[in-house]
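Chains: A, B, C, D, E, F, G and H, in written order; residue numbering restarts at 1 for each.
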């Protein structure tokens, strides 16, 4: 595994990461919520206890990258993580479509790129590693403008990961793969939030993360 | 309007109709839930009070046509409606996709057609009119198997309406129209249930119903 | 319609406007409460989405114009509305009758006029339009002192609308019209608050507002 | 006082009598609810304890005389009262006006008279006394059809009291008197239910009852 | 009546006065709690509306005179009462007996007298009248030390009322009288708090107060 | 100790025994409520575990001996106790005083004696021992009629214990003793129910029971 | 994997299996509770969707094999499982130690063996496979009588699995292994129930089950 | 007894002492929670009322000595105790085992000793006596590292008590003794917290404390 023994691993992001985690800071073993951070922590503790990874979660439902920027110091840097994993962007896109009369709450691609850079630059030298999980939308219809825009934001993340030489985690690919045997309705009815906590969708996210840090399969 | 003064108008179906209506029978003015039946009743009472239409609602969340058949006598016929409006079928299809390991709870097209016929035949002669609202799925990607299957079930309803000479209400068409200016995320995040009660999606359903009985526009 | 595409439309007032709206600021799509502002927003979104009107609601139950004055800056002006619709005054009158031993909480006609002027003058040049909805009391007995006093306050609003050349919305007339086919008990048991949320009384209010801005009938 | 020492005094009726009384039978000292039966019991116990009157309450909110008839045996006669006080009729009238599209739940004057007779005849010989409290509506506008209809039903009660030689309690008169110094909004916002429990409106009802049985003023 | 038309009448004290009144200030019609202040207000409003008395209540459960002193400015004087009625002292005594190991929370007779004087002197010239309700204990066994001590504190109040020429209200006498026909268990199981709200015990208190201001009997 | 190793010891009675025990049958370790049965069980388990006494509790708040008789078979005999401890009678007396207008719910001395005999005779031969705890009232004023009546009922229990040669437990004596250093207000504000659960009053009851079965002091 | 595509896999047992599953029958995807059955279902659905395994859960907290026997027909056989996995026995042992005074609720080794045989024999021919998960106690101190007794019951299960040729799942071994890097306090504070839902302890159970049916590691 | 008449006796520590005590300061008679401080207070009040001991409790669940140090001034010294009893240390040890990935929250033996000294030195001269209750773990397996570490911390407390000449309370010895007749599962399932409030485990703790201050047996 890329993450060293005894590391503090902090997940942050939006509702896909939050899933009811404890405030102000969610921590293992009881404060992580019911999403993929809990599953990652549970599997690492059960199957790789010798790694002694302590997991934290500071995702907040509804966050865009603009919100995340505003709390990055207190909710990420002040927690002294060794590794930071972030997944942000679907709300930045989504608001263009479900809140079409409120342009002030939309985050443009430009703002997204600029802010994403700031977060990486504020963090990179203070931690041992970063994982950038790209935003996803479990919809194959690329003519849909939201699908297209999520894909576009995801490609931004991929490029930034390359540029800054941090880990890129491509969950969209995992979901695309999973759909060969499972209709998206069995994973997520709104194509964003996995149906229920500790659910198949969150296992796919957890696996995708663990693969990105070379810790899969788990035996 | 096609519905005569002093009529009892009963809506039934699944969660799209239910929306928190009172048990065992939802009735105007306070028991209709927060879906399109309430909006229909509210607009008729406010703007066409001289029609004296009393609205009832016996939708139940999660129902397929198999469930509806089992309670048709008590929840529809025993309520002495003058007019019956039914919208059923999306769950019959949906279960094939979100509950892929439980074939016993799926409703096939054959069962759907056969049961739909039974409901019409049990009812038609006992009422002054029926409105069949076709199931819909607010998704333009016809290569998606669920989209295709909902469209197929909807066409069944259209044909049955024609065969039995009752009113057909084509809400899919209204939603397709609405999407010209409004992304589906602004109407329904799961592309089935309107976002929230008494919401734009329910207004679209209410308008579609009122048009089908020639009571739109309302002044 | 008089209100331009892309406008922010803010409703404020007392309990007739509040109806459970979210604090501190109620906004579409989920924070408007269950009164006429929600119905206006729902109908505009469903039937006239191309107008892209974003609706806000800052009504507070129990408010008199004295209360409204105290929060006008934060709850109205700071929200940057393009259009402001206000309905205030029934509590100013009512307190004379239901709290007869507490003259300090009554608002006199003089205070009402003076404060109403202030609100208009603070606002008029900062917005694109104002709608003044007159207070109403669904009671035909003009010998009743409360009925008479509400009528008197309503005439104040009518005159101010004329003087300042803003829109006057005469809901009393709509309610008088509605009573031809509907007894007041079917609209409002206390003759002020519509019975229930998203109800016929709120539809009458919503229609009255939409007519005042030349957006009725809706098709 | 007309009621003898050691009597069981039962009040029954609709919401004006119910006011949260305990089910299935409300009894002194803690089960009477917060309406006039509690005030009558409290004043008799505090100021005339030597009378040893035990008070019961079986009012049910929303009842018409049709509902009361259906439960008269269990809720009145089976409780072995020495005295029965009943107030019923406002809902019989009200439903004509607030539920105008449901004629099946209205109670006509004919049914009211016929059922009222039945109740008196089932009861009169089994008890030591009856008090008939007429329905009231705190509205002076006799051109209002509901006001007129309540007055008409009240006159039925007055005539029946005379015919059967039982006590008639004219609360309308007390409320008319009270309005000389108190606007109806200070007594009841819907002109039927006193505002709040153990309130001025319930004191007026209690006084009216106590006068009718010659137990007022209390010293 | 001694209290003039249009007066603000404030009750204060301990749990016997509090009985669930609204915080921070309890006011008619809905904030007075369920004790004697509500009954006084209800009877004055129902039977003597022309007096226009507005009642307030700032009693707090568990208070001794030491606690009352600490909040006298905000909870009494700042409310601008015309008349102040206070009942305090039973907790001052009671703590000697139910909290026998905590002498720091006992209030001695000396402290009681001194503080009571302060309260009267802070208030007397700012109001039109004061009513001092003596503490009571519904126990005839004067050999009991708590009974004896309450009687002693009550005599202090009587003397202070005489000295300062304000009204003394002797509720102990009313309770002694009431016990001729009613055992103390029917009034108060702990011999201090009336059993239940709006109960016979509170009617006795209300009557005692009304007699002290020459407003009894009420007709 | 008189009770043999491995016995089932059942307590029954009224609220003094109930104190929130689990329904339908309260059992150690978690179902005994917060009264003396729990303290007895806790002390026996902690300090005399070798006795292996299993404690049950079927007390019900408000019970008179009439109520206890009605459920004796199911709530006592069907539980197969080896030993039965009962405390009943204070409600039989109390109702004469706090419910003075309802003679039908009073239990006379005659009924008390007769029923008490029935309970003993139904039970004595089926168990290894019985403990009769006399009703008590922590009031030294024997001129009070309730005090006198409780004393009289207690003497009945003492005589029956002697007659049937079962154990008599004289808690009144313990409470009288305790009052030398503790005012009754520190034990019980209503002189019947110990203040709070697991409180000094319940310890006095527990000790009194343990003494009666020769299991005190505990070391 | 030993379990065939399209199977219904039912887990049953006590609190370790229950963990808040829905009543009366817990089923995927939302009714399985938060224990190892949910994790098994989640991992199979996410990583092996082509197997189409539908998981059910009928564990009930506190159950011994005696309780399980009483509901085997309704809660296991009537659910038409293809595979049954059962884990039962820790409560059978535990009650000897935490409820030492109630021998009637203990299950002896003899009863355990006899009943276990019955369950296997009632089931074996009706299903495609059975998995017997032995009871465990995460305590290495074999001189502790409960540890010894759990080990003894576990060996019974191992022998029965061999005798009837069904699958034996040795979770004790997994927990012993896990403790090399993780103290038992990090897995289970009472050494029976995993700390929290969807936790490391439940992952260990899930892995142990999946290994027993040759479905581990999952990739 | 070593503690003098009229003393304030304060207990502090972690969850074993807390057990739901009232915030910010728990005091007799109602604020002590349901642990041994309440039982000590209840027994002293019931059986030795002449001692007039007032008990306080400031235990907080989860506290280590590091937490206790941070609040010692406000939660101990500022309460003016005559005697202080403290039990702290099990969490200091426990966190090494149940939170193995978070070394920052562990308390080492060195820190424990140093901080314990500070607490004693801050307190000793300000009070009349101190009781140091050693941490315990009801586990006989001394090869378990947590068992060994708790024993080691307990020996620290014993030595400090000797060094500073304050009272040492050896609860471990009492629990060892109790286990001769009672399995640890009957006292505490996690071997730390007594099962339930006011339970055998808390009685053992209370007895151990009372013995340490020479107040046992109680008669």
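We take it that a residue touches a chain if its C-beta (ideal position, glycine included) is under 8 Å from a C-beta of that chain, and two chains touch if they have at least 3 such contacts.
Everything numeric in this text was worked out from a predicted model, so none of it was measured.
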{"item": "Pair of chains joined by more contacts [C-beta pairs], C-E or G-H", "value": "G-H"}
{"item": "C-alpha-based rotation, chain B on chain F, 0 to 180 degrees, nearest 5", "value": "180"}
{"item": "Length of the line joining the C-alpha centres of chain D and chain G, rounded to whole Å", "value": "63"}
{"item": "Separation of mean Cα positions, chain E and chain D [Å, integer]", "value": "34"}
{"item": "Between chain C and chain D, centroid-to-centroid distance (C-alpha), Å", "value": "38"}
{"item": "Multi-partner residues of chain C (at least 2 other chains)", "value": "29, 45, 49, 98-100, 182, 186, 195"}
{"item": "Chain pairs that touch, as defined at the top of this document", "value": "A-B, A-C, A-G, A-H, B-C, B-D, B-G, C-D, C-E, D-E, D-F, E-F, E-H, F-G, F-H, G-H"}
{"item": "Partner chain H, residues of chain A touching it in the complex", "value": "6, 28-29, 45, 49, 52-54"}
{"item": "Touching residues on chain F, where the partner in the complex is chain H", "value": "29-30, 34, 38-39, 42-43, 45-47, 49-50, 178, 181-182, 186, 195-204, 207, 216-219"}
{"item": "Complex contact set, residues of chain C against chain E", "value": "98-102"}
{"item": "Chain G residues touching chain H - in the complex, by the definition given at the top", "value": "94, 97-100, 139-141, 143-146, 182-186, 189-190, 195"}
